[in-house]
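Here's a structure for you.
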Amino acid sequence: MLASDLLGRPVRDRDGKPLGRVADLLTEPDEHGRQRVVRVLVTPRRRGRLLGFERPGIQRPWLLERISSLLHRGTREVPWEDIDWSAE
Amino acid sequence: MLISLGAVLLALVLLGVWPTTSGQFRSTVESSVQDAVSSVGTARTTGQTALRGNTFGAYESTVLDDTRKSVATAITDVVESEVPDQDSRRLRDEVLPLLQESARLIGDLGTGLDSDDRGLASSATDGLAEVGERLTAALEGLR
Amino acid sequence: MTNEVLRVDFDLLDRQIVDLDGHPVGKVDDVEFGTTADGRPFVAAILVGHHALGERIGGRLGRWMAAVARRLHTTGDPQPLRIPFERVAEIGSAIRLDVRHELLNTPALELWLRDNVIGRIPGASDAGQ
Amino acid sequence: MKRFLAVTLGILTAIGGFVDIGDLVANSETGARFGMRLAWVVVVGVIGICLYAEMSGRVAAVSGRPVFDLVRERLGARVALANLAGSYLVTLLTLSAEIGGVALAIELATSVHYLLWVPIAAFVLWVVLWKVKFEPMERVFGLAGLALVVFVVALIALDPPWAQLGQQVTSPVPPATEDWGTYGFFAVALFAAAMTPYEVFFFSSGGVEEKWTSRDLAISRVNVFVGFPLGGVLSLAVMGCAAVVYEPLQAQVDTLGQTALPVAMALGKLGLVVVILGFFAATFGAALETGLSAGYTVAQYFGWQWGKLVRPRQAARFHTVVLISVLLGVALLLTTADPIAITEYSLVFSAVALPLTYLPILIVANDRDYLGDEVNSPLTNVLGVTYLVIILVAAIAAVPLMILTGMGS
């Protein structure tokens, strides 16, 4: 499985409600040190790189951050287990 | 694809053979005269500078060559344009001698400088100053 | 990188990979996942190569890029350079590996140009700055 | 001396960016047609390039990442590929024009037609790119380009009507003989010339080639704040000389020979020799800058080994791109395309490619993961965002203005 297969895919939650498209995959190390995907960043609009403003604590320049968050309104993190990947 | 290519080609051909209007002719003349004003001014200044001994041969001949070619192109542009009406014909007859005079004087200046004939070079420079004024007046009339 | 969370698209994809000494190795053109026992993907390897990049970009241009990359391989099945994630020592403004680039496969295009074009010009082996 | 030599990267970058073949002629042409009424654009451009070159130099020094790395890393593979296509095209057109410019400068000194010099100039250029190490290259051509300071001397020696020039500077409107369309077109072209993207590609990659670290931030800043304003002063002097000599004659300028004439008038043969030498050094320096930048952009997009730090064998793909670019540049010239017209087109296209280059620089210059405590100050950010807006306006206006005014004719 490749990152390019997952990123940009439209996904739904377990109840079948559309969540939008996958914008990023967040991983954390497990007990073996493997970086496992724990959360998925989904965005309702078309995927383009988010410029990095989606990370906590990154806010400057203010105007660009506002424009970016406006363009990517509704972007949020969803736990891996809440996502249904089979939906197209 | 082929159809659009054909349409573009047809448009190009039509543009080429469509009769010139007097407005188009006027703007051709205007840009030719502007080029001649630039070339004559440059050639004259080069001539003055060269006569004061402030340049050297290779530079002079390169600059004068450029101006000569530019005036030659200006003449060709006017001569090759179709003359649409009487007014345009009058305009052409007024401008063309000035352009030809410019070409002649730039040629003389080049020859004078090349052969170290100061008399020829300085009379060509004076002539360029005079024809330059007439060209500038013509340009202002055209604008 | 201070935070423990790793963002696959942001922190990995399209970043420069350098070896132990800072020599460029390539860009992260794609990321390969393995699957843990409970079915979650984990980052297994980073992939480098125009053919991986072409497939990720997609569209006509991407397919063309991948096709060119495949052409350049003279031997066997063309595969992008696969670097196991354990070889990554540090993720910062670049992704630093814990090996030297000589140990990794040299990309086919580099090899071909070295042998057939650049290597044949006098002075190609003279030291750089 | 060593301190003094440390700024040659900035000087070479700026000379290549501000007084290369296209700018020499464009500045003269602007001076002849508009007097000093567009001088403010050069000032705006100098501030803009200083701002962004400083950011890119800072990122290169602290994180070791040159500009095109940032472009792909922030904008993603696809958008960066579009930027790569645009930037490479602009850089290639400029490279071609610079080779032509070198040949034109030699023509002025020999009166042998420039096309005959093109292959020779290109071959020598390639040999320098292949053999000469980065620092000596930068020093020789950066310093030789300083010969163009002769334009400043010439302007003073011409003893122009300063009051009238000053009045033109402070009245930024087109003269009676021009309209707002051509005024706008030349404004965009001058601004794009000041901010051409290959300047930051070259400057930041040069910083990496010189192995800058965070301890070299001061050197990077001095390079920026000496080099680019100097380039700006030179281009204003070129403009001023043309304004004094050609505007009263209503003559337009479109050749390199015309650009040199005011210096010959003011300073005689010696001045003329120095100015032709300066043309040669500046265009050759710009050819080096664009030749390397063509390789830098492609190699940095794909992550290849690049630069002159390693043996050419070890950067075969990079050197192949440089070689092919030089050959393409020569091929374009041998179609007898006018080198000066080539740069004029490249300036317009460069205006279009600008936003995608400067946006990632501004974003990364704020990223603590890259820069730690060396991130932008709030003032830098206010200026950076303001310039991004200006760049965007110029980019949007460039092509319509080009079509409306027929390249400003």
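Points worth noting:
Letters are used for the chains, namely A, B, C and D, taken in the order the chains are written, and counting of residues starts over at 1 for each.
Please note the rule applied: a residue touches a chain if its C-beta (ideal position, glycine included) is under 8 Å from a C-beta of that chain, and two chains touch if they have at least 3 such contacts.
To keep track of the chains, here are their UniProt names: A, C = PRC-barrel domain-containing protein; B = X-X-X-Leu-X-X-Gly heptad repeat-containing protein; D = Mn2+ and Fe2+ transporters of the NRAMP family.
All values reported here derive from a predicted model rather than from experimental measurement.
The interface carrying the most C-beta pairs in contact is the one between chains C-D. With centres taken as mean Cα positions, chain C sits 59 Å from chain B.
A straight line joining the Cα centres of chain B and chain D is 32 Å long. For the pair chain A and chain B, the distance between C-alpha centroids works out to 65 Å. Annotation for chain A: residues touching 2 or more other chains are 49, 52. Shared contact sites, meaning residues of chain D that touch two or more other chains, fall at 76.
In chain C, the residues that reach two or more other chains under the touch definition are 13, 56. Chain pairs recorded as touching, per the definition above, are A-C, A-D, B-D, C-D. By the touch criterion stated above, chain B contacts chain D in their complex at residues 31, 34-35, 37-42, 45-46, 48-49, 52-59, 61-63, 65-66, 132, 136, 139, 143. Residue ranges of chain A in contact with chain C, taken from their complex: 1-4, 6-7, 23-30, 34-38, 41, 49-50, 52, 54-55, 80.
By the touch criterion stated above, chain C contacts chain D in their complex at residues 1, 13-17, 22-27, 29, 48, 50, 53, 56-57, 61, 92-94, 109-110, 113-114, 117-119, 121, 123-129.
Within the complex formed with chain D, the chain A residues making contact are 48-49, 51-52, 57-58, 60-64.
Per the touch definition, chain C reaches chain A in the complex via residues 4-10, 12-13, 30-36, 40-43, 47, 55-56, 85.
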